[in-house]
Amino acid sequence: MSTKQGFGQTATPKDVEEMVGMAQQEMEYRVELFNKLTQSCFDKCIEKKFKDSELNLGENSCVDRCVHKYWQVTAMIGQLLSSGRPPM
Amino acid sequence: MSTKQGFGQTATPKDVEEMVGMAQQEMEYRVELFNKLTQSCFDKCIEKKFKDSELNLGENSCVDRCVHKYWQVTAMIGQLLSSGRPPM
Amino acid sequence: MSTKQGFGQTATPKDVEEMVGMAQQEMEYRVELFNKLTQSCFDKCIEKKFKDSELNLGENSCVDRCVHKYWQVTAMIGQLLSSGRPPM
Amino acid sequence: DNLSEADKLRMVTMIDQLQVRDSLRMYNSLVEKCFGQCIDNFRRKTLDKQEESCVRVCAEKYLKHSMRVSLRFTELNQGSMTPD
Amino acid sequence: DNLSEADKLRMVTMIDQLQVRDSLRMYNSLVEKCFGQCIDNFRRKTLDKQEESCVRVCAEKYLKHSMRVSLRFTELNQGSMTPD
Amino acid sequence: DNLSEADKLRMVTMIDQLQVRDSLRMYNSLVEKCFGQCIDNFRRKTLDKQEESCVRVCAEKYLKHSMRVSLRFTELNQGSMTPD
């Protein structure tokens, strides 16, 4: 139906460029959030003796709570930033 | 006047590619410099008790001096790198 | 011989896109590996007094061994990841 | 300067996208920093009052700090001061 | 939705490339982390048994940890829990 | 190999740009590292002699270290050594 040149209902090259760009931004943001969350909770919850390759009960529940608290902090700071209240 | 195909005085696609690339490099460098500077001076100057959300006098003047010293270190190392003196 | 439009033996635009992308991935991976290796071995081997700008004998041999061990750890973890053994 | 309209638009779009990306990175760094400084107790899964207050103050201080750094940094870049 | 087939293919290619890149970054971070935690002796140039065991356990724990975080993170993103 | 001239040029340009980017990143990391290690006193706004000397030695050592790592890393990648 549609062709590469973008006639008819098809998105124009510029729109496509922007959509690809926005999808990429969104993905990058989520991946970076996930990576920082994983690092932070590893440092806070996982014992560094590295004797047993299983996560024990204490580590597992620490990780669950850590993810939840990290998510809450993300939400809190997101609200703060979007409130637009001048920080000075 | 000019058209997308790059006739006349218009930059060729390759030139544009390079100009966009260079502008992007320059911006990325400045943003990364600003981020590292902000992190470094936050770690060196801001009290970690987080009781009062204002910066006090001591913190403010520490930040000003920290930015200045960071800028001097950037200039010093820039000269060192561009001098081309073989480091061995 | 070949033209930009990609007739004959020439790679199609999509193939080129992918090849450029893959070459870029590979380069980024190697640069990041090199940077993390350099940082890690600097932190582990180089004295922080910063009096003499030469690396001394102890520092030099520490760096050589550090690079070798880092390379072995990279190989070990690479095998672990590619073995596909379910980690749980 | 001798860019076509289409190319100018492309550069503007590129700069916009970089700014969105940098804002999102700053957001991620701010969360990581204040989480790291304020949260050390994982006996409950929700933030207590003290943790919430610490996170809020940390984020507000970080933003004020960042604005001050930005101001000073701009002054230096505009050459209003010399590196003596 | 009103993307041409060529554009759809381009987005799929872009997403694939980002996933490869993220896997390679994760690999690099994992090596850096476990090297940093396990290797502190540079009197020999090869890993001894104890270092090998530490690296193996560290990497396995990190992967298990990462999978658990991923599971919880997905639950939260799907709104199966509310943030209070 | 069966790339058109235009595509070859594109890859060369891409590689050049990545190298410029990596040099700038290295420069930023070097400044951050040596600032972090050498500067801890903020009672004055200019570097004193001792700080200047520390920064200079730090940067020179870092560059020499980086060159040695690069040499060893290249040897390992070329398979002149086996990981036993």
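Labels for the chains are A, B, C, D, E and F, by order of writing; each one numbers its residues from 1.
Basically, contacts are C-beta pairs under 8 Å (C-beta built on N, C-alpha and C of every residue); 3 or more make two chains touch, one makes a residue touch a chain.
Note that the structure is a prediction, hence the values are computed from the model and not measured.
Where touching is counted per the definition, the chains common to subunit D and subunit E are A. When every chain is reduced to the mean of its CA atoms, the largest separation from subunit A belongs to F.
Greatest Cα centroid separation from subunit E: this falls to B.
The interface at C-E recurs elsewhere; of B-D, A-D or A-E, the pair that shares more than half of its residue-numbered contact pairs is A-D. Centre-to-centre spacing of subunit E and subunit F amounts to 25 Å, using the average Cα coordinate of each chain. Separating the centre of subunit C from that of subunit F, both taken as means of CA atoms, is a distance of 13 Å. Centre-to-centre separation between subunit B and subunit E, using Cα means, comes to 29 Å.
Among the residues of subunit B, those touching two or more other chains are numbered 28, 45, 64, 68, 72. Counting partner chains per residue, subunit F has residues 10, 25, 29, 38, 46, 56, 60, 64 touching two or more of them.
Shown here, the protein chains touch around one cycle, each chain meeting exactly two partners.
Neighbouring chains touch in a ring; in the direction leading from subunit C to subunit E, they appear as C, E, A, D, B, F. Partner subunit B is touched in their complex by these residues of subunit D: 2-7, 10-11, 14-15, 18, 22, 25-26, 29, 33, 37-38, 53-54, 56-58, 60-62, 64-66, 68-70, 72-73, 76, 81, 83.
Those residues of subunit C whose C-beta lies close enough to touch subunit F in the complex are 2-4, 6, 9-11, 16, 19-20, 23-24, 27-28, 31, 34-35, 37-39, 41-42, 45-46, 48, 50-55, 59-60, 63-64, 67-68, 71-72, 75. Of all residues in subunit B, those touching subunit F in their complex are 14, 17-18, 21-22, 25, 28-29, 32-33, 36, 40, 44-45, 61-62, 64-66, 68-70, 72-74, 76-78, 80-81, 87-88. On the side of subunit E, the complex with subunit C involves touching residues 9-10, 13, 17, 20-21, 24-25, 27-32, 34-36, 38-40, 42-47, 51-52, 55-56, 59-60, 63-64, 67.
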